[in-house]
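Here come two complexes built around chain A, the first alongside chain B, the second alongside chain C.
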Partner chain A sequence: MVLAVRKSVEWGITAAKLFVRRECRILSTLPEKQEYAEKQIERAPSGRKSITKKSILESRHIYPEFLPDPNPNWRNSLREKLEREDMLKRRGQVEIPEFYVGSVLAVTISDPHAQSKTNKFVGICIERKGCGLRADFTLRNVVDHQGVEVRYDLYDPTIQKIQVLRLEKRLDDKLLYLRDSLPEYSTFPFDMDQEILPEGSEVPVNPIQVVLKPKPWVERWERQELKGIANIEEYLTEKNKIKRELRKTPWEKYDLMKQYRKTIPIEDQKEIWTEVYTQLHQLQSAQKKMSRKRVFTSPKSLLA
Partner chain B sequence: MATNIQILCRNIFKLRIDHVVHSSSFTPRYRPPYWYSKKERQGSSNEHLTRDNIDFIEEVVQDKNTNQTNLKSPLVNISPQSIQPWTPRTRRVGLIARKIGNYPVWDKNGKKLQTTLLQVVDNHVIKYIPPEEYKPMISKNHWKEKPTHGCLLVGSETIDPTTVTKDYCGLFDRVGMLPKKYLYRFVISPESALPTGTPLFATHFRVGDYLDVRAKTMDRGFQGVIKRWGFKGMPASHGVTKTHRRPGNIGGGGEKARVWPGTKMPGHMGNRWRILRGVKILRINTKHNVIWTLGVAIPGETGAMCYLYDTILPLRKLQTTPPFPTQPPTDDLPLEFYDESIHRFENPTLSFEEM
Partner chain C sequence: MFKTLVSKIIPSTLTPTKCCSIMPPTCSFHTTSCLNEVRLLTRLRVVDNSEIGKRAMAEGKPPRVICVYNKKRVGFIGDRVLVAIKGQKKKGILVGLKQIQKVRVPKFDSNNVVLIDDNGTPLGNRIHVPIPTILRTILKERTHAKGADYTKLLAIATRFV
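And now, the complex of A and B:
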């Protein structure tokens, strides 16, 4: 009993140390926006090994669906392995590029009911979720003054092509508030040109803030601490503001166990990435070769 | 008088203990934790063993393990002529599998199908009991097994023999096998009997066949009437007080002034054996012995064990001869079998231009 207590205390201390060293950041799948500057400084003096290690762990932003659901009741190493093999097989057949919530995509699928048997949709990615073969993303556009959203499965074999027209991130992890914002923020022409970033550059974060329409809204946006909304305060009543204050959970960022339960441990992540990294890297380099052949077009200004 | 006593004695001797069944149906219920410290089983602690003894035991266990893994399937020695042919009335042996999760596959029309993955883990035939010796406990009102059927014991997942009781270990030791974590009996026809030590693989079933899956449902504990039976409950407002999730009336007045048997009421939900019939096999992996089945309705949580049989549904029964009595171990099997309707992930993107 005493031993057990001692062990648990020791474990707790080591865990606390880890988190104090900000290594918990490595585990989270959330994008790190404020830490770019720090990282650049760190990268320069660090050795070769640490770079490769980091770049392996970096893939969790580019390929988030390769990490399984952290719920321990649903995990099984063999199932996850088979799932990853199937995902790589599918990735060998179709180019699934790097994209984020906020990027503008053009997706072509084969559709038996369409006249030309194919269907193309252009829109902004407002949500990306799911693990493994269940991964999906949602595109939103406004067509003929009518908002349209289409959800695609990332590994659906009917997807012929996924093209990233504008690669960028936004201030928030989900852009579901575009449903309640003015239509010009989610309107994209179907004949939009692809904007190509210079090679080696980081994915830009678009700091644009959208203008919301008055209530009624789909969700209570004021409670979600969103950075991408410009004018939310003007629609809030006194009661809304009081409720927002009551609903805040500022202690949650200190809840280490909650963070731990939401993420895959670093040891598991390393195992997964070392398993798939070489194949993913090969696929990526092959895709780069293909993309070089395409015609270069000059990038347009943001939100022209 | 004496004759009467003789008859009585004779009848009493005829009574057999293994035929008597107490007619108590098993009702799962919440068993509170036992707060007193558990008694240590004698011999479970290794304190009285010296280092040499422990090493010796480990060595013996390892030797036995290697012997069993190197064991060749006894099916190789049996000539195919001696095996009786399969008929639609034959009952084959089943498999013990573990449910390892769900994920989608797509069919050739581009439709998404949810599948459940079942891994067949280290299955070996332990023992065959012929129909003459197989006498299961049967209660009167229970459906009686035909005496024409024998019983095949199948074990799954070899475990360390030092961790189980002597009785359980002896069960396997008598037939020269190592103890298994899971042991299950399959009622079979005598012609589909298999020799001890035969390994069973996922290829015992074929792609496109249908299965019956027996497993324990998820334990949900003591549940109310809304979750357990799908009652509607009562409104949240409009003057309703204290009866939002209650069942309401449970019986009438007059002559039937009592609660009728079988009335749907709150109680323990789940943790019961259930059989899901007619589950289609969509894909089989021969390397890891994994079966993909259509749908997500197989009882139990991820990691639970389940038992697979050929289905008894009349329209989905086996039509052609399956691997009989089972698939012999061969090296030239393809890695994966797919149903005709399923799209392979390594195949090119689906297009509907020819349609």
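And now, the complex of A and C:
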């Protein structure tokens, strides 16, 4: 009897381990793995749990900066907790909307150097990185035929307003290759109107492929397996192609340990999301109400 | 291993012996991306409509830095530089850099310079690219009552970012 109980306990532990191992693969914040993650959730039993789990897994894409850096040398649970509190406080003060790399944003900051004391910049988000209060994003635009990039801290107290003019994703995680592409792909007018998505719809992925300028480039784009470039092959020499083949690491997607080290395990994530989820949800619903009000009373819609 | 890979990729064009002569198996130098600093002999882009600047850019001979007037000898935003342009020595002010900038300071796709004379008066009368707003404060600090007045440059700017 005792033996049987012990066996069953052992079996449970091994099953849990297997489950954890499987889960750790879904926990990366990379967008490509999103579909895979959702499939896994659909398989999971009991309706209520799956809903909460799904919302947890979705919020890791919407609020990636709430997850700490997975490097164990930089972890400090107390600091992380304090940072999360500060981030929530800041989010209560200023509306930080959901956005992704590839979305077009308008950021207004208070600028002591400008004449009007405010400064507005519009551009496409080409990079989003950092954890906690150090999270930042980079906007790019071409103004008067001159490429300009501005980096902003997400929780900068000088930010007055962040507005998402066009909410969409692109094919890649980083759009740094826009620096070497033709200027029309990163040109956005400063008086661009906000495009409102119908409610409840998924964030669309823009499948546009950019056309690169000839070399010299900022980086070796051919080695990065980018999907958003249309004409990279015509600029490559034989040597480039050989080097690309030699530098490929096709085994990396099977390296479970590497993936595990790059991501936060599900137990830790659950703790974090249960801590912040109710407050984030409240903020989100309040923002939705506000946006609806604004849409309803805007004079433009009345004129149309 | 290497030879087989090469022959797989391009079986006809290159023989393995040729390939090895082109590409050594290991590199002894590092290949990290550069810092894009403005130093001695950096090529700049003139962004005002001064006659000499326009002609130099049109001929495809952009000016070169021959001195940066600060202690570090690396040019930052708002720094004064001496450039060699069309066989002449001219002073200029850096108004936009390629280098990685601090948060909220714009980073440009080219190193931009506006030519000035010794009193700080710009040679052209229009700047046709955006100018960072932080330059307002920097140039005001650099200007002294009896020395050169650099704030005249701000008056000919068309757009700030």
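Rule of thumb we're sticking to: the second predicted complex is superposed on the first by the 256 of 304 C-alpha atoms of A that agree within 3 Å, B and C clash if a C-alpha of one lies under 4 Å from a C-alpha of the other, contacts with A are read in each partner's own complex, and residues count from 1 in each chain.
Rule of thumb we're sticking to: a residue touches a chain if its C-beta (ideal position, glycine included) is under 8 Å from a C-beta of that chain, and two chains touch if they have at least 3 such contacts.
None of the values given here were measured: they were computed from a predicted structure.
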item	value
Side-by-side fit of chain B and chain C on chain A, or clash	fit
Which superposed partner A:Asp111 touches (first chain B, second chain C, both, neither)	both
Partner chain in contact with A:Asp136 - chain B first, chain C second, else both or neither	second
Touched partner set for A:Glu238, first chain B, second chain C, both or neither	second
Contacts of A:Asn119 with chain B and chain C, given as first, second, both or neither	second
Chain B versus chain C as contact partner of A:Leu246, first or second or both or neither	second
Partner chain in contact with A:Gly200 - chain B first, chain C second, else both or neither	neither
Contacts of A:Glu149 with chain B and chain C, given as first, second, both or neither	second
Which of chain B and chain C A:Val218 touches, first, second, both or neither	second
Partner chain(s) touched by A:Arg90 [first = chain B, second = chain C, both, neither]	first
Superposition-derived minimum Cα distance between chain C and chain B (Å)	7
On chain A, the residue positions that both chain B and chain C contact, one per complex	111-112, 153, 156, 158
Complex interface listing, chain A residues touching chain B	73-76, 78-79, 82-83, 86-87, 89-90, 92-94, 110-112, 117-118, 132-134, 153, 155-160
Contact footprint of chain A on chain C as seen in their complex	2, 5-6, 9-10, 13-14, 19, 22-23, 33, 47, 96, 101, 103-110, 112, 128-130, 133-137, 158-161
Chain A contact footprint on chain B (complex, rising order)	100-101, 103-106, 109-110, 112, 117, 119, 285, 288, 290, 301-303, 343-353, 355
Residue ranges of chain A touching chain C (in the complex, touch as defined)	109, 111-115, 119, 121, 136, 143-153, 156, 158, 179, 218-219, 238-239, 241-243, 245-246
